[in-house]
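For reference, chains read A, B, C and D in written order, and residue numbers begin at 1 within each chain.
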Amino acid sequence: MPDLIWLVPGFPLLGFLVLVFGGRRMPRRAAGAVACAAAGLALVYALGALAFLLRQPADARRVTVALAPWIRAGNLDVSWGFLLDPLSAVMILVVTGVGFLIHVYSVGYMGDDRDYPRFFAYLNLFMACMLMLVLADNYLVMFLGWEGVGLCSYLLIGFWYEKQSASDAGKKAFIVNRVGDAGFLLALFLIFHTFGSLDFDSVFGQAVTRLDPGGLVAVLIALGLFVGATGKSAQLPLYVWLPDAMEGPTPVSALIHAATMVTAGVYMVARSSALFDMAPGVLLLVAVVGALTAVFAATIACVQNDIKRVVAYSTISQLGYMFLGCGVGAYASAVFHLGTHAFFKALLFLGAGSVIHALGGEQDIRKMGQLRKKLPITRATFLLASLANAGIVPLAGFWSKDEILAAAFGGHHYLLWALGSAGALLTAFYMFRLYYTVFEGKDHVDRHAAHHVHESPPVMAYPLIALAVGACGVGIIFGFPPDHGLYHRFVAPAFGGAAVHEIGTGTTVGLALVATIIALAGIALARAWYRTGAHPAPSRVAERYRGLYTTLVNKYWVDEAYDAAVVEPIRRGSVRLWKAFDEAIVDGMVNRVGDWVQGWAAGLGRFQTGSVPTYVLSFLVGAVAVLGYFLLAR
Amino acid sequence: MLGFLVLSLGKIVVVFGCLMLTVAYMTWVERKVISDFQVRLGPTRVGPFGLLQPIADGIKLFFKEDLIPSQVDRTIYLLAPALSLAPALIAFAVIPFGDTTTLFGLLPAPLGMHITDINVGVLYIFAISSLGVYGIVLAGWASNSKYALLGGLRASAQMISYELSMGLSIVGVVMMAGSLSLVDIVKAQGELGVWFIVPQALGFCIFFCCALAETNRAPFDLPEAETELVAGFHVEYSSMKFAMFFMAEYANMITAAALATTLFLGGWRGPVLPPVVWFLLKVFAVLYVFIWFRATLPRFRYDQLMAFGWKRLLPLALLNALVTAAVIVGVS
Amino acid sequence: MSGAASLMEVALFAVLALVAIVAALVVITHRHPVYSALCLVITMLSIAFLFLLLRSEFLWVMQITVYAGAVMVLFLFVIMLLDLRREERPWRFPENRLQVGVGTLLALALVAELIVMAVAVRLPGGAGGGISPEVVAAQGHTQLLGRLLYTEYVFPFEVTSVILLVAIVGAMVLAKKRVE
Amino acid sequence: MAVGLPAYLVLAAILFVIGVAGVVTRRNILIIFMSVELMMNAVNLTFVAFSSFLRALDGQVFVFFILVVAAAEVVVGLAIIYAIFRHRETVDVTDMNLMKG
């Protein structure tokens, strides 16, 4: 069985190839079926891989499969190798499970799009790259997957490339990610320089012996990896691309920009825990950045009016929690949150997509309201996802988020815990602001659109229901009791028993109570303000704190600041270089050489009479001269 | 040295004489055989069974007025018949008619019954016969007549095309004998105990088809197709020069038959009768088949002829060479 | 070797050389291409028999088959196809006079140089490559050459076959009538 | 052998230069082409002569290759001449000057 692990990314890759070369020639239904079958088969094999791992004894759940050599140059030796351990098993299950459901959903959501096969081809390619990323047994294959998902993200954000904003958003995502990738790449160079290898086994095995705890090399490696992670996982300060990425089709937002790709950074940090543990300072930085991002994004989410952007900022915020978890050493909990978050955030996005689909493309929540009657399934699943996201017992989000906060508390990072809790309050508030505004409150739906409002077809509804079951169930089934549930017993060995600060049961229960109260408070406030849709408080508060409100609505003017600080100077410098260097010097040189050659050629061309006898005659002169020289030289 | 010269000269004279006689009587044989096929009598008046007919014909042609059309290129027009006949006769130099002989005890040492035996005998015959084209093509061109020119071009294209297949068809024989010398090839058939026509049946068929085409015989006699080209390349020729073309054609036929005999039919080998008799018997048998074909088969169309040569015979000959080589490698 | 045979050989060489040179001169001076071609055939045949004089039987027949039997027939074909006739004397054209004069002068210089070099050639002593006429007579010229071709020179040999293929295709493409 | 190597070489030189003279002085491209063939034959003669006097067959192998390549060259060359003639109705090289620089 482990020999067949390559089939997990292999099936989506095959699907991609089939769709790319034959997609236009096959019926639309067939294209969707191929893509879903590829994702489904990958899911089956992922389940098989899990079953295989479970049959092994707990300390032997780690299999490396080397398929073929890839690069051999000097002492660089990289092979196509896959690593199957509990961590990657969890990741492939999340990717294939959520991915498969989103594929099915897409069949309905993208049903009317003319580029249907292209969409599924990209989606399959994304699956293949993402699975390669999480299954890699060395940093280079991981990096290949990493760049592959980045490419797919770019392609899918800009899927509707005729739309200026979509193609701009795609480019923005790609360029911002380059910044992070540069850090990642530098870290890889440094790893290879230090360890002479890029294989996980040998790097992590030597981490303790070759690296000084807190030493410069360890710090630089960890910092580089973390920079890469902030880019891919949209953390401060590189988060700016993710909200714009909502220009892509909604299933893409759900799959790539909520459930899977953006969590690649978290996975990478967790996978590299051995290296991060050698740099405690960077670990603290990870935690601080995570916590700050969690609150920062949550504050923006409170005032946004685009349904998908609210969810997007929520994603950034939740990713912050995951990094907070990594930062305080609770890698397993961070990955657990990654898994639960994949379910409820994908569900939120798909629910949002269902609403948008029903309203014929409308995304502004100020033009929604009272949709609960018309969209009962969407409404129910969306409510469950909101509760899960807000962290209400016993839904998924509660377990994982609480573990992270408890870990922060147990690690004596009280400030970080406080920030996290504040974020939780905001989370509950904005989630239910969204829910009440969309499904209850006042009906602001456009008269023309109102006629067409309908519940989504079964092909979209069933994935919603399946994800809702997941959002409700995974937390309590796998995560209870906290830190000792099924999930932890399975995954913890992968982190080599990293020091998670034990806290007493009493403290755990107490923290859970506090968190629940905070979440309920947020929900209560949102209910009070937005349930009827006529409460004057929101506008009064906005009026009162006009400065703060404007700042939030404009997202702290971060985009504008980047424009002024980075984009504009580069642009102006480039223009100067173009005029001063490229046109004057480079072009000038080329033109000068061209003129020179042309002049000579015009002169020499006179000898080219085109008359054969002349050529032969000159040939003969040469022959006589050469022979004469030889005779004389003798 | 002198003895060698005298002997060689003697052999040349004997062979040349016999050959010319055979050529002359081949016309008679052909007319008789064809008339048999067509259920008529053929020449009967001149001598018993018309046996003196060839001589009468020769005398007639010899004394006929020698016409030279005014617009011809004289030098080449006069040269062409000789260029046609000479290669046909020269080729005979390497054919072995029999084993060695002492000429009933007249000679001090046994003498090979061939004018010469050279290492590259087979290639020599092909080289010489490839020169035969000149006579035809130059006759056609020099005559300054469109029938003659077309006939000449047709003839040379046909000969060049079929020469290829012919050369390839005997590769099998050469490989089996391990030599290009005709004497050695005959010897090899003796040692093998069976004529090469048995293992090289396909090669023989190809060779025979090519020989028909090379000698411009029916069904490949397009260069002389009376119905289209009046008489082909020699339409402007008359009298003795015309006779020379005729002689060249028959000499070529005899060469081809002798070559077929030597390469495929065991040469002069045979029981009881003396070798020379066997050789002549086999040659006349092959010649009879030549005539038989002429009496039986209709003429090809020109494109069919080319297609047959290039698309059928050539691949078949290649296949034959390939299979023979494979078998030889496999056996050894 | 007996004196008579030697004399015979010298006489044959003299005759063949003379025929070759005279025919070659006719090739480049005759105003009718057909005569040029025929004289070239004569030169080539003479050279072929010189090969025989040098005990190179295989190349003798090959020279006849390839050059006289194939190449020159092709020349004749093309001449007839293009229907070329007697042309004007070259020195009738003023712009050609200089060319002919200078060319002849240079050619004379070249032949003088070459003859000086040819006469000065000295062969290394000893048995040379060891393929004496006796060895050739014993083992057969064709056999020896064939062995060399299929062992030491097998790669060039195979490359030549590719060249032939290319030539066939090239000639067909060039000579084919463009179908409008 | 009664005739020495220099005799063959001188004969070859003369034939070669006759070929050269033909190429230089004639204007008919077919004659020029024939002169080239003549030059090649002269070279073949030197090859065979050297080979024979050096008692090594390699020179004759070269002649074999030259024969084959010459055949190929003639086929293509004549095809080109034919193609030129079809387009320009001439075999005079002084009329073939389209490649003038």
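Convention: a contact is a pair of C-beta atoms (placed from the backbone, for glycine too) under 8 Å apart; a residue touches a chain by one contact, two chains touch by 3 or more.
Given the structure is predicted, the values throughout are model-derived calculations rather than measurements.
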item	value
Chain closest to the assembly centre - both centres taken as Cα means	D
Per Cα centroids, the chain farthest from chain A	B
Among all chain pairs, the one with the most C-beta contacts	C-D
Distance between chain centroids, defined by C-alpha means - chain A, chain D (Å)	73
Rounded Å distance between chain A and chain C, as computed from the means of their C-alpha atoms	78
Distance between chain centroids, defined by C-alpha means - chain A, chain B (Å)	88
Whole-Å gap between the CA centroids of chain B and chain D	33
Multi-chain contact sites of chain C, meaning residues that touch two or more partners	5, 58, 62, 70, 99, 102-103, 106-107, 110, 114, 117
Touching two or more other chains - residue numbers and ranges from chain A	613, 617, 620
Sites on chain D at which at least two other chains make contact	20, 24, 27, 94
Touching pairs - complete list by chain label	A-C, A-D, B-C, C-D
In the complex with chain D, residue positions of chain A that touch it	604-613, 616-617, 620
Residues of chain A touching chain C in the complex	613, 617, 620-621, 623-624, 627-628, 630-631
In the complex with chain A, residue positions of chain D that touch it	20, 23-24, 27, 29, 32, 93-94, 96-101
Chain D contact footprint on chain C (complex, rising order)	1, 5-7, 9-10, 13, 17, 20-21, 24-25, 27-28, 33, 36-37, 40, 43-44, 47, 50-51, 53-56, 58-59, 62-63, 66-67, 70-71, 74-75, 78-79, 81-82, 84, 87, 90, 93, 95-96, 99-100, 102-104, 106-108, 110-111, 114-115, 117-119, 121, 123-124, 127-132, 144-145, 148-149, 152-153, 156-157, 160, 163-164, 166-168, 170-171, 174-175
Chain C-facing residues of chain B, complex	1, 73, 75-76, 118-120, 123-124, 126-128, 130-131, 133-134, 137-138, 141, 149, 153, 156, 160, 163, 179-180
